Every structure is written in C-alpha cells, then in structure tokens.
C-alpha cells in the first residue's frame, strides 16, 4: 500500500513555510510515502520561483503541480525545463516549456503525477483537457497504474466530470484552484479517489490567502488595489489517499486540514 | 438558542423527495427549529414550481431561497408574488417580482432570511451584491439580529468576501450554487457562521445532480445533449447553525451530509 | 478573376427572404460568380432548418456557413450529414456531424470555403482555431489557392489575429457573429482580403435582428423575456472580394450594405 | 449647428502624436467646433498619464473619455480629481475618483459629454449602465440638450441597446473599446446619432494597435508574452456629428477614417 499526500495551492511565504515544516512530519511520523503539492501561488501569491521549488523539493516534496498561475514569475519558463518534478498543465499546446506529467521511482514502485487545467471560466483557454488527459493516462499506464491527477479548474462540474471520466484508470483525481477544500471525498465506482478541491495551504484568516479587506473593498468600489498575502496562522489543506500499488486503485481517502502556527 | 438547518440546492425529484422526507425528522427528532432550503433546481433541475414550493413548505420548510435558476419555470414570476416565503436574490433591479428577504416570527423569536447573488462568472449580471446586502441587513436588523444569508455565487472569493463583509452583522452566510459542499465551516471573528458552499440535496452518483455520462460527453464533443437528473440515492447536504437569539451570534456550526435511500 | 459575395449572419424570415430575393440579382446583374452566406440565425434567429438551407441553395447560394448557433435546430445534426454545402466550424472535436470546409468546382475553377469559430467569450469552447485553420488551409491549398474563410468570433482581436495569421495563404478572411458590419475592409500585406465583421442580413431597425425594446428591458431588469425577430426593412450586409484564380490573391474588396424593402 | 468630432481609443505614442497633429486641422480647416477623444490606451496602450492628457487638451481636445483601462496608470486616480475634462465611466460605484460627465460652455452653447461602460464580457463589473446613464442624462438635460455619450463596451448588443435606450434624449451615442470602426452610422428614429464603434486612433498595421505577431503567437501557444504597440502609419478613426444646438438632435453623421504618416 502506498500513502500519498496531496496538498492544495500553496499561497505565499506563510503557506510555503508551513508546508516545508510539516511535510517532513508527514513523511517521518505519519506514514506518508510520497508528497505532491500545488505550488502555483507560492511566490507571494503569484507563481513559483526556482528557489521556492528547490526549497519544497528539499523538504521532501516529490512533485510540484501548478495551474493558471504557472508563468507568473518570468524565470519559470526556463527553470521548468531543468526541473522535471515541476509540472505545468499537460493541455498546453505542443512546444510549451516543461512537462505536464512525470513518473518517479519510489521504494514502493512507480508513481505517476499528471497536471491538467480546466477551461470553463479560466484563462488562458488551453486545449481540451479531457482527450489530453486520456491520452497521457494511457501512456503513463504502460509504466504504472499508480497515477495522481491534479485537475486545476474553476467549476465543480468540470472537475467532477474529469473524475468520472478517469474513474478506474487513475488512482485519484484531486481538484485545485478554488483554494477552498470541499467535503466530498469519495472513491468513485471504479476505484478512483476523488476530491473536488483539495483546498489551500495558506493563511487561515484570508480570502484565498490574501487579506480580506482589500478584496471586499474591490468588490465594493471596483477600483484597483493591492492584495497582499495575509498573515499566519496557516491552514494546510489536502488529502491522503492510500493506493494499491498493483492495481492503482484507491483504498481509502482522507481529507487533511490542519492549522499551523508561526514557528 | 435557535437551531437553524440550511440545505443546499435541491435537484430534481429525488432531491425534493429526500428533503420532504427528512425535514420533519430534523424538526421533530434533531432539535431543529427552523429550516431554510435553496430550491432553485428542484423542478427537474431547472427552477421551481408552485406545487413544489407548496410541498416543501408543507413538509416544514420555513423559507425557500433561489439563485440564477429562479425564473426557469415560467409560473414562478407570478407565483412568487403570492408566496413571500419563496425568495429571489435581493440584488435584482427594483421592480423584479417577489422579494429578496423575509422576517418570520417563530416560537424562538424573529428570524430573518436574505438571498443575494454573486456576479463573477454569473448570468444575469445583477446589481452589486455587497451594498445591496448591506442595506437590507441594516433594515432587517431593526427587527432582529438573527439573520441567515444565502449567498448564491460561483467563486469562492466572492462568497468569502461576503462572509467577511457581513461578519458581526448577521448570524450566518452560507454559499450555494456550486452543488459541492465545502469543508471550511467556521465562525468568523465577529460571530458570523460561515460555509463557502452548503452543497446539494440531489443524486449522489451524479455531476451536480445530473447523469455524469452526458456531461462528460459534452466536455468531449462540445455538442448539445440532454442532461437528465440522476437517480437515487440522494445525498442531503447543508449546515446546522446554532444562534443566540439575543445577539444573533452563531454559537456553533456543523455540516450536514447524509445519504437518503429511495423509500 | 472571380467575384465572390459573402453575406453575414442571416436573421429570421425577413433576413432570409431578402437574401433569397437579392442573391439572383447579384449573380445575374452584378457579376458575382459565387455566393457564401452565414445562415446560423436564419431560423427565427436560432439556427437553420433543412428547408431553409434548401431555399438558400436553390436561390443560388453556393455554401452556407454557421457558428455558435449551428445546432439550435435539432434536425441540423442529421441534415448536415447529407448536405456538404452546409458547414459547421472546423474546430469541433473529431466526430462532430458535418464538415468545416468544402471545395466546389465552378466555371472559374475550384473555390474553397472554410468555417472556423473563435473561443474568446464564446460557447461552446472548441479546439484552438488557429492550428485547426492552418492544417485545413494546407490541405485545401493542395487543390486550390482560392479559399474564403468565415471566422465566427466575438472579439476583434481574435478575428484580426486570424486574418494576419492566414495572410497570404487564403483569399479572404471575413468575420461574422457580431451582426454589425465593420468599416475596416482591406487587403493585408500578403494578399488576403479582410473584413473584421461582414455584418448581418436582417431587420434594420433592431438589436442584432431582434426587436430592441425587449433587449433594452432585459438589460434594465435582468428578467427573462421573449426576443422576437424584428420586422422589415432588411439591411443586407456583406462583402464582395475579387480573387485572382491563379494565385488566390484578393484583387479588390468592397463592402455591401443595402436596404431591402418587403416585397 | 455644432460640428463635433469624436475620436476612438488612442493607442500609444503613434496614436497620440497623430491625434495631436490632426486635431488642430479639424478645428481650423474642417469646421469642427468641439473634439472628444477616448484616451484609455494612450499611454503605451495602457491608460493615460497627466502629461498625455495635458498634451491632448492643449492640442484642442475638449474632453477625454476612457473605459476599462482608465486606472492602468497609477497616477490617474489622483490626476483625474484635478482635471474635470478627463472622464471615467459614470457607472462606477459612488466614491470613485473623478467624474463620468461634464458640461462645457462653448461659443455655440453648452455641450455635455457622458462616459459609460458596458458590463457584458467586461472587467470590472460596474453598476448597471442603463439606469446610470438615464439618470445622468436627465440631470444634464436640465442644462443642455447637446449631449454626446461614449458607451465603452465589448458587445454590439449592449451598445445598440444603449443607443436605442437614449434615442431622442441625447445627440449621439458612440461606442468604443473594440478598436475597430463599424460601418453602421445612422440617425436613430428619434434623432440620436449612432455608431456602434468609433474605432481606434492607432497603428494601421496592427492588432488593436499592437504588433500582430506576438498576439498570434499568444493565440497559438497560450504563453505569456510582450505585446508592444505597433509602428506608424496611424489610422485615425472617429465620427463627426452635426447637432442642432436648440434641440440637441443629430442632423448628420459621418465616419472619419484617415491615414496619418509619421511626421
């Protein structure tokens, strides 16, 4: 049995510090074998830098997924070419920097991770994620049945459809992007674990990781503003799925949601 | 102390039958004093009819809220004028049929319910929900501090901003519309209960209450189709908030998510 | 030299009657060799029927293009399989009914027509129109350099980008969908004729072919309504491009905008 | 009779230089009494600066309107408070910097200018432009019947609806924002001049004023990029409306579209 921890969008310095502090605990004390995090907001809420990716990987993260904010930091387009453990959505047109999937060897066998982005209410409009994910899953299954999918998407309908679409072909489909964890964890009829959104690793007293007041003001006055990342404490949100390494089926799924105080 | 049950979007016949069967149980056996449901998808997934509203009210529902699907059934525009317990979003321009709020007398004092609709990624584009809600809350608080808000909205950011905006002025802000329950129930710093989305009262094996296969097909081929409501069993999703009737503050908040089999 | 008339979205009965009456005049008296019309709103503003398509073809129309309204009439999905002169956007995923392009023999040589749909602010979200158009143009150019493209799209930026993208590879790119003719007719640097939107063949005193009052009311009250097609007279809008049959280059481009009174 | 020149969105340095050079010619040689320009893209394509506004006003521009790009330059929020001839859309919530309308005394009487922004496919979502415009027009008509409206909006339907809505109450409604001039200039039944989009004062060989290649690349690869303003020559697009100063009715309307070479 493989225990995989998947953490939702990391927001800003508090979010990444909390992740870096807690990931070793999950690996050493809580029986987790493999850690995936979505890092698209780890650099002050906008994208990810090489330094941050390195820090996350050194802390024990195996794979970093992203989403619509993947290119927010200019250096990412070149850095991603050098670091295959940093993914961008698979459904970019051919020729985009980096990769949308990876398969890593572990002590418990090969584990694949696939990153895909939805299109409803999202920018930019990428290629259709359904055939793109299907083709890549077929390819990955030649090597391993243990595959975790990060479906980065705004609407519940597109995420649930992806979960049902890949049910039985991957170990789990976890949504990201809304920064709020959903309470619908389940194992779908054909054995795929599912959670509509993993939630966020970021400041608890916030609006998607940012100070709420400027966001409220923006909704009120429609004027531009600054939207700083909020402060500690952090809530670390994600999900642990236990997977049968022979079949790739999810055996159990459990939400993770824990408060982390500033050190 | 007042115990209020708020149930998310009811979808189709299975959803409303489950609600009608379970609401009396909540009222008689589980100490609930007041029941609010979002009924915007109760008529085959599209809107609500007079007959359905009457059935829900007769089962013990006190107030029915709605959202972007409120007018899907043509009869609603006239029926809503005769039934003040059926709400539409408050932030329609002046002159819209029906009302966006109501205050009801109960054995435990007056309880107000306010329905408001977000604008990000939503159609139609209504008036700004923030000042609309603020003004109505001010008015309602002249009569009672016990106020429950249904914020019908697509994005987590707009729902969280509304929760924070009204924190301390209403008893609870509950999101609806995404049909997936979130796991972020909390009492905000100034005493307002909050849940980003209450979830759905509809078929468990579904995509937002509808059969998944036609939805997946639609994402794949982009062609029109039929999207029938799925079958039993139903998951009944919502939240119970306990409110201090003197201050209107939320004392506790608890998610509800229970499976209901066909009778 | 080939003279090709391209007419914008036909709206409702007035629109199609005007087109049916005027097309023979263009063919017989005004030196036009080939007529293309966009018929996506010809059936009471929503889609097209077999009967209407037959009437248009019998009047002398060579090819009918469409857009986001192509499937509004249920019969279209089967009819389009029997009538190759009725096109739907090429960038539907594989397996969609019908075709997105056609090449027809004429007395002046082969003429190709390609229909493609933009994605910005459009539903459904089809495959990327740029590579889809590029591949199809390559294929068509094996048979003829005379190719007219209907780029059905909301934004000026996506239409202009398509024009520039195909400049030198097709005879003309004409936008449709906004129902308002633009005044930017030109021959691009490499010989492709361009007009950002051909405009509409529909009621002059209207909002996109429909009675203005219910549309205004909708913008004011955000309530559902009926939006009937407006009445005569019709303005018939389009463009005439003269093409060198040997090179496919546009030699001249001229907007068409004429009033047609009820017979 | 008053002759008013209205010029569409000025893009970048070429656009504003062309406007500054040509406005005096319109005023001195072509009988124009009053010049309005939309300046929302005059600062390198993004917003407007104090210096640019001053240069435009010194060249003879009477009023500068804007739109969704009004706040792109940070200094605008403070500068607009000092310069009433620089407008922002009227339908910002109360408290926004600056004003959405102005009435100026001229040798031919008072002339009012109103700036309003549509909501369909536009960010931010402002208050409903229809009642906002109606109320402001009522107020302005207490002083003068000569009123020109800049309706800054994406869709043809919202712009046409605004034209019909204000028909008979203002002298003209001119759309802006799409950067492509439409060919539908007309006088509406009750005397209001109308043009769905005035077009752009910016580089002719461009995509909305910017170099086409990076825009095409963006549509192809969905990756971020730089989108520099294109080079000379400029096409100066707008409209001249002749207004009866006593009734405010439009007597004639004529599109302006002229090429301006670099000096």
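As written, the chains take the letters A, B, C and D, and residue 1 is the first residue of each chain.
Quick note on the criterion: a residue touches a chain if its C-beta (ideal position, glycine included) is under 8 Å from a C-beta of that chain, and two chains touch if they have at least 3 such contacts.
To keep track of the chains, here are their UniProt names: A, B, C, D = TIGR00282 family metallophosphoesterase.
As the structure is a computational prediction, the values presented were derived from the model and not from experiment.
Enquirer: If we look at subunit A and subunit B, which chains touch each of them?
Expert: Correct list: C, D.
Enquirer: If you apply the touch rule, which chains end up adjacent to both subunit C and subunit D?
Expert: A, B
Enquirer: Compute the distance, rounded to whole Å, between the mean C-alpha positions of subunit A and subunit C.
Expert: Centre separation, subunit A to subunit C: 43 Å.
Enquirer: Check each residue of subunit C and list the ones that touch at least two other chains.
Expert: 93, 125, 128, 131, 220, in rising order.
Enquirer: So in the complex, the part of subunit A that touches subunit C is made up of which residues?
Expert: Interface residues on the subunit A side: 93, 119-120, 125, 127-128, 131.
Enquirer: Within the complex, which stretch of subunit B touches subunit A?
Expert: Result: residues 121, 128, 130-131, 154-158, 160-161, 164-165, 178-184, 189, 196-197, 199, 205, 207-208, 212-213, 215-216, 219-220, 255, 257 of subunit B touch subunit A.
Enquirer: Residue numbers of subunit D touching subunit A in their complex, please.
Expert: So the residues of subunit D in touch with subunit A come to 71, 77, 92-93, 95-97, 124-126, 218, 220-224.
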